[in-house]
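As written, the chains take the letters A, B, C, D and E, and residue 1 is the first residue of each chain.
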């Protein structure tokens, strides 16, 4: 195996991991943009998406199962907001974050009791477990291309939504200054519901497309959430494209660190680099210093 | 000496029913509950009903410690079976030894019984025996240069150590040796590294986590087309299923539970395995796995010890267990000695392979 | 002065009452888990100081607990017998830094003494907290949370991936710690009551010290930093130094808890450094009302106690999550605050009512 | 004596030069006012002096020593204190505690002393409280000492801020729009208060848009426009400066006394 | 009558700060609301738009009972509050702030230009992140943003705070122009002289109660008002 091919293979392997982190990070970003809350339950949306899609796929063809899972999880997201966040008054951002931690634990346990502890997965969208796409001699699973495609489409749509549509801007206004948003006539509760629903849907979609690669289990959400959180922060909060860049970067760092260090330490190198970046750029690679994530709780 | 017949035999169990090792603890718990019901329906042991108190440790050692104390000091159980993972077992090994509490672990690592602690036993086969099988098969296939990948949990670490130790004497060279995270979602990078090492003739993966299927898939995806050996942790049909076609041809040593149909009728384990498999699968509507079998064996060992000792005195039961001979369990036939607190011989294993998505005995 | 003493005396009374009750009901064994829970709650106290008062979110305190526990566990279990004949080992032995003892299987080993290991653990924690705190405390909000979480992740993975820390199995066989004056930290059941009082005594002392701290010049400075960092700085508070100091203090408290619990249970495993643990500490601090040392330590002792006694079985995590949601939704300032508030509101409501009547007769 | 000397201070944000080569001095015992249109760079200049923003060029000399590389807290220790345009009190703390924070730079016990409550620390704590109460009384808010700062109205917050700044025992006090949000009567009282403060030996640099206050109390006025000084002098000289009138004062309302004709043009016909 | 408030009480937590206030504003009027610090003026305005739930009493807007509706509803009633302390969206650009002001206004695109013509300073800063504007610029932005909603009733809470004299003059002129354009205005101000000069009527509030009301011109001459709120003009002081 030539060294260029090797490097390319590491790169592709990094992209595979990174695309998974990126998918989770986008969802983080959306709720963050709308509410300033970092939703620790985002990983759980990803897990639920995968689990529900697998269950539905016993009864329906794959596309229907995926669509069904996305819709159901979006509804769950809205429902969670309605039940747990809407009734809150005068709660700080930190309180809401703690509630998302609680939700994440509860959802995980609920999944354990609804399903069981076993791993599940959707079939590969194209090809099977051993098929791969060759790029200059290096190989990548076709499913990764599905993931990348999903990311690209979601990011573009999200970017347009948040920057150029009225509703999207209103969403950002809500996180920027809720009282002023209310005075401008924005129903901030509905906006938050919408944000939860949307990011739950995004998470679920991610959970479906990555399910063949990573497999899904009731516990799969939390580690994904941590990496997704790291990706979102590395990129800089408040910008879905930055989140994707952050995700890919973490994946690629992990892959290349494997080539030099014992694989047991690849998380160590990824997080060490993340820390370094933060120490040099305290608001992520592409974040703005005045951005909301910088604000204290 | 068996005293009041109404008093049930209390046995404690610590399993990680939830948490990161739930794929071990959950079938263990189910198995034990099933078995206890069956035994009680058949009249119990020595005329006593058997009561098992199951504690879910969630895989945390500190909880295992707390529960072990609780079980021995408050519940005053006769013996503890479990914990599911070697990390938890190691944390309570000394505690049980000091409190003279009988512990039958369901974790595999060799150091649980080596050095031997008087009160500590375990039921899964030894890693060293699995390694012996694997290296033997490699020799038969003419393989001498291998790569080892393992997970960063207790099982993976123990197996890795065992492989490293036994490779030289067996004439096998380990060219690459990598550890991956037990929650890994993709392993192409590690396998790329393996692929970049010239001369690797086979890959050995040592783990109990779902990532075993990912190894199989990723190897095929990046075109690393050498035989894949797995540990006895592959003994769950689910993992083979999740790897799909990628699992074809995987070689691994395992107890006979997974191939009970292929056993000759006169095999000492056949009846027990068949019954366990049937009961379990009809009760829980899921495939039986070797993990549940470890709990089966643990309970079996304790109860047989009681039967043999004819008393509920813990020290006598311990002595009886230490001298159990020819006890057929799910993992093999147990022959305990004061030096060997596992009691399984090399023949507890069979080399298996995956063919058309099914486990079957590997024939050269 | 008296007002400050009341909660302390009350707490001491509760501590004694619990023990007497447990002994009287022949449930002394409950004190084992209670002792463990108290050690865990010490981490929460330190975290309260950092989060509730100084407003810095740390998702990495599990790591400090683990650093403390692991340092002392490694030093007190690793045998340095091979170094016995070197001249410096002789000196260290004379200084009681090295001690000779027997391991579980009766073979002789030479390890570092618990006191020396404790000291080393404090030094290591101090260095780690300084190295991570110094750059990280420039970060704010979510970024700070991520940096501390990343640190915890790194510690966790190093612990998991390193043979010297026992990798996934952790370290066992940690000896008991003779403090002197007949006090021993040990999990043996004969010393159960003694250890319960030791743990609660240490916790109470920490509570008192932290209580003094928050009601002083330093505490005000921390709260000021929390509210308006720029203004605090302009008022003459060296904000970065304060943030660093409070971070280190709380890290040291976590490490002390780690050392103590490790000697108490006789071992430590990698799960102590897991992210989930760190997050759990934060959640417990939040459930206690964050800036409320008494209630946070009570809540966390209670919840950890119930969890360690397996009250909720397989639903342990679910119950924890649900409790968390309920407490935060209903009583974001901790469950004890509304109690006081209700009393006050009742009295003021009465006043409003009479006020209303006055308006109607202009 | 020159207490504060700003030499060629400059600060830009992106392409915008907010403060452009500004030089001026404040003499001991003065009340100096700084005025100028919105966005002229007054607050930015305050931020530079108090160390919150570094100046890109030039020097800031306080009592002859260059302070422009010092951190804000060091500058506070050196004897410069300030209030903010948007009152930034510690909202969760009581008024008394807010002012006690002001004593921070004049006290010394640290973590260990405070944790262990050494007798000296207890004594110091008592002094802090007494001094803070004195300052609160000075601005006339004794009755609010125990209320949380978050529950105060806008104007009251300004007063607490002033008390907090005074508690640091500054030699130079920077006030950023202290009268905004106060009604004319209250502004007048504030003017008296500022004079009183000056009489205790504190030098004052003041940013204010309320001309009645500026013209009433200041000894010297500096006018900033687009980041540069366009005029400096006595109040009467400045208010007749054509440039100042055209960019800042205008001639309508601001000059109007109650009921004066010129202002009536605003009334509907 | 565009706005009518009867016997309104409201407060925070257990603390009542408005103790039964009644007032009204007729269409086309400018009504001033004066009062010392902490009198409860801002709280009263907040209650009118629903940011603060009234404890007691009634509010009619356009003869329709309101007051318990959430704050975001008030905009659809064409009632817009410019809050104390600006409250701009500090991490959005000036343009985005304006767009948000016109959230319910279908013509927001063209209205932005009108607003920018009114406040040329904002045009210069159109792409700047609003949090970095100077104090006065932020105040203009807040006013501009409120106008984007095309209010019928504009509640202004100290709009001249922090503005340079020239700008104060402009803002007051702007308020007059708005009234001429048909907007009804309730103006809370500390600049009592200017307020009474442009207002038609005014109320004076003290510790949560209305203590005086009447024609603005009369109040301007009222000795009590003069003593408590008007102070001296700086010219007077100087000369």
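Here is the rule we use: contacts are C-beta pairs under 8 Å (C-beta built on N, C-alpha and C of every residue); 3 or more make two chains touch, one makes a residue touch a chain.
Just so we're clear, the structure is a prediction, and the values are computed from it rather than from any experiment.
Participant: Chains shared as neighbours by chain A and chain D?
Facilitator: Correct list: C, E.
Participant: By CA centroid distance, what chain is farthest from chain C?
Facilitator: E
Participant: Between D-E and B-C, which chain pair is linked by more C-beta pairs in contact?
Facilitator: Looking at D-E and B-C side by side, D-E shows more C-beta contacts.
Participant: What chain is the most remote from chain A, judged by the mean position of CA atoms in each chain?
Facilitator: Centre of mass proxy via C-alpha means gives D as farthest from chain A.
Participant: Compute the distance, rounded to whole Å, between the mean C-alpha positions of chain C and chain D.
Facilitator: 43
Participant: How far is the middle of chain B from the middle of chain E, if each middle is the mean of its Cα atoms, in Å?
Facilitator: 75
Participant: Hey, how far is the Cα centre of chain A from the one of chain B, in Å?
Facilitator: 36
Participant: Where the CA atoms of chain A average out and where those of chain C average out, how many Å apart are those spots?
Facilitator: 32
Participant: Give the residues of chain B that touch two or more other chains, as numbers and ranges in rising order.
Facilitator: Residues 18, 152, 179, 181 of chain B touch two or more partner chains.
Participant: Listing for chain E: what residues touch at least two other chains?
Facilitator: Within chain E, residues 132 contact more than one other chain.
Participant: Enumerate the residues of chain A that touch no fewer than two other chains.
Facilitator: Counting only residues that touch two or more other chains, chain A contributes 109, 112, 262, 264, 267, 292.
Participant: Quick check on the complex: what are the chain D residues that touch chain C?
Facilitator: For chain D paired with chain C, touching residues are 50-52, 71-73, 75-77, 81-82, 84, 88-93, 97, 100-107, 109-111, 114-117, 121, 124-125, 128, 164-165, 168.
Participant: Report the residues of chain B in contact with chain A in the complex, numbered from low to high.
Facilitator: The contact residues of chain B facing chain A are 18-20, 22-23, 26, 149, 152, 178-181, 183, 185-186, 188-190, 192-193, 195-196, 210, 213-214, 216-217, 220-223, 238-239, 242-246, 286.
Participant: Spell out the part of chain A that touches chain C in their complex, as residue ranges.
Facilitator: Residues in contact with chain C: 32, 38, 40, 84, 87-88, 90-92, 94-95, 98-99, 101-106, 108-110, 112, 222, 226, 229-230, 233, 237, 262, 264-265, 267-268, 271-272, 274-275, 278-279, 282-284, 292-297.
Participant: Across the complex, what residues on chain E touch chain A?
Facilitator: 49, 51, 70-76, 80-81, 83, 87-92, 96, 99-101, 103-104, 129, 131-132, 145, 149
Participant: Please output the residues of chain B touching chain C within their complex, sorted ascending.
Facilitator: 17-18, 55-56, 58-63, 65-67, 69-70, 73-74, 85-88, 90-91, 93-95, 97-98, 109, 111, 115, 117, 152-157, 179, 181
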